[in-house]
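There's a structure below that I have some questions on.
Every chain is named by a letter (A, B, C, D, E and F) in the order it is written, and numbering of its residues begins at 1.
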Amino acid sequence: MSSTSPLPAYASYEHMLVSSPAPFVAHVEINRPRKLNAFSQAVWLEFGRVFEQLSHDAEVRAVVLSGAGDRAFTAGLDVQAATSDGVLNGGEQDVARKAKALRSHIEEFQASISAMEKCEKPVICVVHGISIGLAIDIACCADIRICASNTRFAVKEVDIGLAADIGTLARLPKLVGSTSWVKDVCLTARDFSAQEALSVGFVSQVHEGKEAAVQAGVALAATLASKSPVAVQGTKELLNYGRDHSVDESLRYTKVWNAAAVQSKDFSQALMSGLKKTKPRFEKL
Amino acid sequence: MSSTSPLPAYASYEHMLVSSPAPFVAHVEINRPRKLNAFSQAVWLEFGRVFEQLSHDAEVRAVVLSGAGDRAFTAGLDVQAATSDGVLNGGEQDVARKAKALRSHIEEFQASISAMEKCEKPVICVVHGISIGLAIDIACCADIRICASNTRFAVKEVDIGLAADIGTLARLPKLVGSTSWVKDVCLTARDFSAQEALSVGFVSQVHEGKEAAVQAGVALAATLASKSPVAVQGTKELLNYGRDHSVDESLRYTKVWNAAAVQSKDFSQALMSGLKKTKPRFEKL
Amino acid sequence: MSSTSPLPAYASYEHMLVSSPAPFVAHVEINRPRKLNAFSQAVWLEFGRVFEQLSHDAEVRAVVLSGAGDRAFTAGLDVQAATSDGVLNGGEQDVARKAKALRSHIEEFQASISAMEKCEKPVICVVHGISIGLAIDIACCADIRICASNTRFAVKEVDIGLAADIGTLARLPKLVGSTSWVKDVCLTARDFSAQEALSVGFVSQVHEGKEAAVQAGVALAATLASKSPVAVQGTKELLNYGRDHSVDESLRYTKVWNAAAVQSKDFSQALMSGLKKTKPRFEKL
Amino acid sequence: MSSTSPLPAYASYEHMLVSSPAPFVAHVEINRPRKLNAFSQAVWLEFGRVFEQLSHDAEVRAVVLSGAGDRAFTAGLDVQAATSDGVLNGGEQDVARKAKALRSHIEEFQASISAMEKCEKPVICVVHGISIGLAIDIACCADIRICASNTRFAVKEVDIGLAADIGTLARLPKLVGSTSWVKDVCLTARDFSAQEALSVGFVSQVHEGKEAAVQAGVALAATLASKSPVAVQGTKELLNYGRDHSVDESLRYTKVWNAAAVQSKDFSQALMSGLKKTKPRFEKL
Amino acid sequence: MSSTSPLPAYASYEHMLVSSPAPFVAHVEINRPRKLNAFSQAVWLEFGRVFEQLSHDAEVRAVVLSGAGDRAFTAGLDVQAATSDGVLNGGEQDVARKAKALRSHIEEFQASISAMEKCEKPVICVVHGISIGLAIDIACCADIRICASNTRFAVKEVDIGLAADIGTLARLPKLVGSTSWVKDVCLTARDFSAQEALSVGFVSQVHEGKEAAVQAGVALAATLASKSPVAVQGTKELLNYGRDHSVDESLRYTKVWNAAAVQSKDFSQALMSGLKKTKPRFEKL
Amino acid sequence: MSSTSPLPAYASYEHMLVSSPAPFVAHVEINRPRKLNAFSQAVWLEFGRVFEQLSHDAEVRAVVLSGAGDRAFTAGLDVQAATSDGVLNGGEQDVARKAKALRSHIEEFQASISAMEKCEKPVICVVHGISIGLAIDIACCADIRICASNTRFAVKEVDIGLAADIGTLARLPKLVGSTSWVKDVCLTARDFSAQEALSVGFVSQVHEGKEAAVQAGVALAATLASKSPVAVQGTKELLNYGRDHSVDESLRYTKVWNAAAVQSKDFSQALMSGLKKTKPRFEKL
């Protein structure tokens, strides 16, 4: 992968490469391979913006995310850039004032990464190679996770003296079934393999090498993109809502959501196509 | 299955067949095999009523649910009936007025299916054959899920242009360990097998064929029915409460719940039976 | 296990044996082997106190819990002691007055066991031999669970006519991935094995025999104890907070928490050690 | 009040008298004046049903509730009927079994009264004369409270040895501004006057005598009935939702709700009528 | 106030004077008049303990709290003691380590004051004279607030460079009706009078001078103490629960609570006394 | 008001006029007097941006908001602009697709107005003249509300066929004490006066005419600006947090918040100034 040319509407990004390998599918690549796709502030701000744009882009119905190059999905925070950053080494400042600056800094960083979760289109994250620290925060924001067999995962933050604050600790326990495992990998910062990620349910597919994994991600995205976008985007919204609410709250929200969605032509069209065994075509969304 | 005769108290249902294959056990069969046990409005209203009745029936301490016939647990919504339904194809109506009718319609449908979850007795759902769409919504309301090896599962709603609104999206992510898998099956609407259902924890037993699965369900129900109904029904209530509340909230509710339950004779009787190695007998509940 | 001598600061406990098998690691043993480490009120009050003390003890950075002796982690509630207890067999008392006494009794019991979860240091629970009833309530409060291959687990309470009220029903469904399995073991009170506990994710390691399991627990604790206590304790706090809150709530709390934590020297020291490949040393916490 | 004839669709109720004193306005009278409009089980079941019917009745856009006769809005629970009721004096039954019967009884009673709150049309409660115990539970479920100057209010339950369980304790603190006052009247069970009810904000109008109060209620209801039912019913729903949710949750729900409602013709019609200074006419809802 | 002798069971407190001015009524006086009843750590620890003891003391059914001496209810934190306290001026310590000590310190302080809210008996707080800073945190934990006409109230914390952290900011907005007023007094730290406190609903009675206020408090407490303690304590619990939960959650909890409480003899006795016009006598609780 | 010159940092806004009438105080005027300060999309986007800038501007410690000109605070939505807006009159579009556009539109609008609530500095809203529809949504986001005696308030949305969706329905019931009053003004859309707004607690001061009201607002803002910004901003944050959380949740968050804030020099400085009777000076924040 891949000969697909960049999407013009996304040509201005410096660290994100966006192409369209299949109809209505966007493929985003974190594009800083010489730095192992590490994230400086400039990178995460772009990351947030690209997913906001995808969320509103009616030409896109499903997104694949991977890293550029063979070595890493991302090695996480660009530590060198971070240590030269004023926020993290602000000298003799007052504790409360420094705390305010840090809150503001963390909030901006969190919001940029969460933009992928908030993106209304489903996102398939293809993880490969070095995938540590922020890589896990990012993967946790995707809807479906696929990885290459060579992936080296680690929730690395404890080893730099930190509790992970960009979302791993908030999301990972809700994504996989074993809290004992989650606390093990978060507290020890140890590596874990593609196979381990599969067996605990963090990823749902493992493929031999990055290329195969990306191809599988694109194929899955193409499938999603062929379906009613009203149905697909509603399903994403309701599943994300359900994660954070009681069943009663979710049923109430679902009812109000679908009271508009069911009035869409997608419903009658898909229903009819099902009865007539034809392939439905859906309007943009 | 099975030579057990219908329970007289439930003889008036048209689409539900209720028998008692073991003491204090009720077996409910969705009984519309020629339609693959598909659900029209009449069916789901009966479904709700039967579980309300079971909830209050002191002769019943555990329930098994399956589909009648060999082909399907249920093929889900009766699409033909639905398309001739006024609510879904109401013509030129005002959007807000149609939305009100739809909310009301979805609420009634949700409430009918949720009645199984609200039933105070434990419910074991035995899934077999075709089990798509609404079949998953229903299975999610059970306490324990068992399936036949031939089961064909699918969260089918996306393929009819809909986000599932009868409970799958609210409950499924809380029932199994891998959100990546949940989103895969909900967004793609693909089939999955009994084995896959077992490996992600959606079901906890797979048996060779429907008959063996039903027998296993009945045996399990008989075990539950032999225990203190105060203990069993309290355990169901507290586990369901726990799903939707923080640990602190659950501990508080548990304390108030057990302050009455522990005063029951079941506690002293079971305690004494344990010490004396005798078999306790419990009053109806 | 083990030749390590008791920690003097914990010498006064009657039912808890506390030693330090590795730097900054405390090993707590429930020490009533002739009673299969069963819990009377005196035992659970001590259990609560020892974890409160560990939480504030700057010499301790990670804790291992096991049972003394070869036969049991704990056989749960000391039923003989309980039946002679005034609260549970109070005679002809008024129902509401007895309910108040029971609420107060359950609250004290819950608080004693929850003290392990509230302990700010990570706790590794090594389960072995007989581990039923209260054993599960306790294990659910640990961060990481390891067990011996000979462990006999059971959520036993239903068999004494009770819904478990010391935390299993509130916590277990949030610790493992399959609700169908959780309800099976909670409603039937059946035994389950080390292997089954591993496959559903309740424990994350199984070792051949108690000694090997304890050694693995100590080794894991020693690893945690070598890391920044600011990072480790923050990670525990944020993961526990995340379990009971929405992602948005967690991100907000995380931001405020780390606004102070990131100002610690542990962060800059760990960062520098990482760049310089040296081993960092952290101050007590 | 009043010469208006009963509404035929509501003629079958025994204890509820329903008339229409103004276009699209229903007036419900609790009609058991010789018993001071006290509630037996038969009365509250009818009360629930009448508000469910009103909720779905497109001919009704606003509801007024009062008591029949001059002496009482309602004297609350019919104590004589209650004491002959099996649930409350069930003899020597097991505590847990009696608790289950009581939970079921309270739930049915709560649901019947809450039906007024759940009714999608705004309800104006006109309180007058004796208005104690259940009278307050009922008034708390209304949207707007008006009272006659002769009203004698009391949260009477403590004086019959009970904590009020049909909703007063859950709702009253959210309806008025002073918790110190709420706890005073709930803990002492003392009487309070129309004037006191006005000054704490429990009612928003006091009128001289029942007749004037009912007239004011009907006039207010007529005003509401002249407005867009999409706007009015949406406003009720969103205010009730807001009471029980955080501001962020409410804004999210509002957004989804109005995404359908704003597509109604009521919006464009009302907007145009406003610009053209004409009186809009709205379709039924 | 008053010639009543101290209660022997509470004779060991150094800073709290506890007497019984009426049957089943305890009167707690903060007893450090030369220091304007200011709170050092020793004082607040005693304050917490006295309310824990009262909560379990079956001889007490209602509590009155006031300050000893004529000048102050309490002048709040003992600033001199605080500035010599190690926690607040810990020198050059690491920020995260100091933060941990502060969290632990604040938690202990909060828990001591919250003990009054958690006390299962109703507490009437009689505020008089100087009542600033911590005085408001304390008053917010009472059920009913009464004050003397000479009271000088202020939420003083902002003036010592702090956001109030012992409960005023969490509770005050839920106690009174005007958020605009709450933010005014919390942000400006300005004084407000007894009259202003009455008009916003913070207190529900104002009396001329401390003695009259205390007498009114005792009279009110005596009334509460004459009623069924099952009803009174249940009402307190359900009102406090209601403050922090949705109406649906409250109704569910109420149902479970009353399923035990209604089985009390207090209910049948109070009911019968009501019908027979006799004065009921209730057992201790 | 006022001869103060515009703040250069805010000179680029077209519809917002920002001056500094007192040290560390910013005065924002909605500046579209010929349109009665009505809001088109351009206006609300600027409104959001100005409050985001103020939130981060260390030169500003308190904000006053009013309308420019004598006639109106704001007449609300610019209906003419709205009706020519594509979102609201999108022709024959599919219902679900239009719903998505509307959700996105409402979300942007809500976020712009909520920016005032999220602004970390306290905001005093001075309401005057015509203040209808969106005027109430805006005022609800302020911390303290002051109004001129000539203010004409109305929650006008129902009269244009809408449930208010920019925040009034979510916030107003939490700001004032009488839900009966809130539902009256929200359901009837009737006008209410400055005096009525004061008596229900919506505003906390009324002044004769706009100029006096603005002067009072500026004076109050100057008071807040003279205090420790760590204390003032922390107080705002904790009060807003408290509105949407239980008391227990608030106490926990407060503890973590103050663990950093108390380490500020503001605390020791304010404490010392208090003891020495000097005026403290605080660093920027």
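A few points about this structure:
Just so it is clear, a residue touches a chain if its C-beta (ideal position, glycine included) is under 8 Å from a C-beta of that chain, and two chains touch if they have at least 3 such contacts.
Since the structure is predicted, the reported quantities are computational estimates derived from the model, not experimental observations.
Shared numbers divided by all numbers used gives the overlap of an interface; between chain C and chain E this overlap exceeds half, so the copies present the same residues.
Across A-D and A-F, the chain pair carrying more C-beta contacts is A-F.
With centres defined as mean CA coordinates, chain E is found 49 Å away from chain A. One finds 34 Å separating the Cα centroids of chain D and chain F.
Shown for chain D are the residues that touch two or more other chains, namely 95, 99-100, 174, 176-178, 200-201, 230, 243, 245, 248, 256-257, 259-261, 263-264, 266. Chain E meets chain B in the complex at residues 253, 256-257, 259-260, 263. Note for the complex: chain E touches chain F at residues 79, 83, 88-89, 95, 98-100, 102-103, 106-107, 110, 114, 117, 157-165, 167, 169-171, 173-174, 176-184, 186-189, 200-201, 243-245.
Note for the complex: chain F touches chain A at residues 56, 94-97, 99-100, 104, 120, 230, 233, 260-261, 263-266, 283-285. Residue ranges of chain B in contact with chain C, taken from their complex: 122, 143-145, 174-178, 200-204, 220, 223-224, 227-228, 230-232, 234-239, 242-243, 245-248, 250-251, 254-264, 266-271, 274-275, 280, 282.
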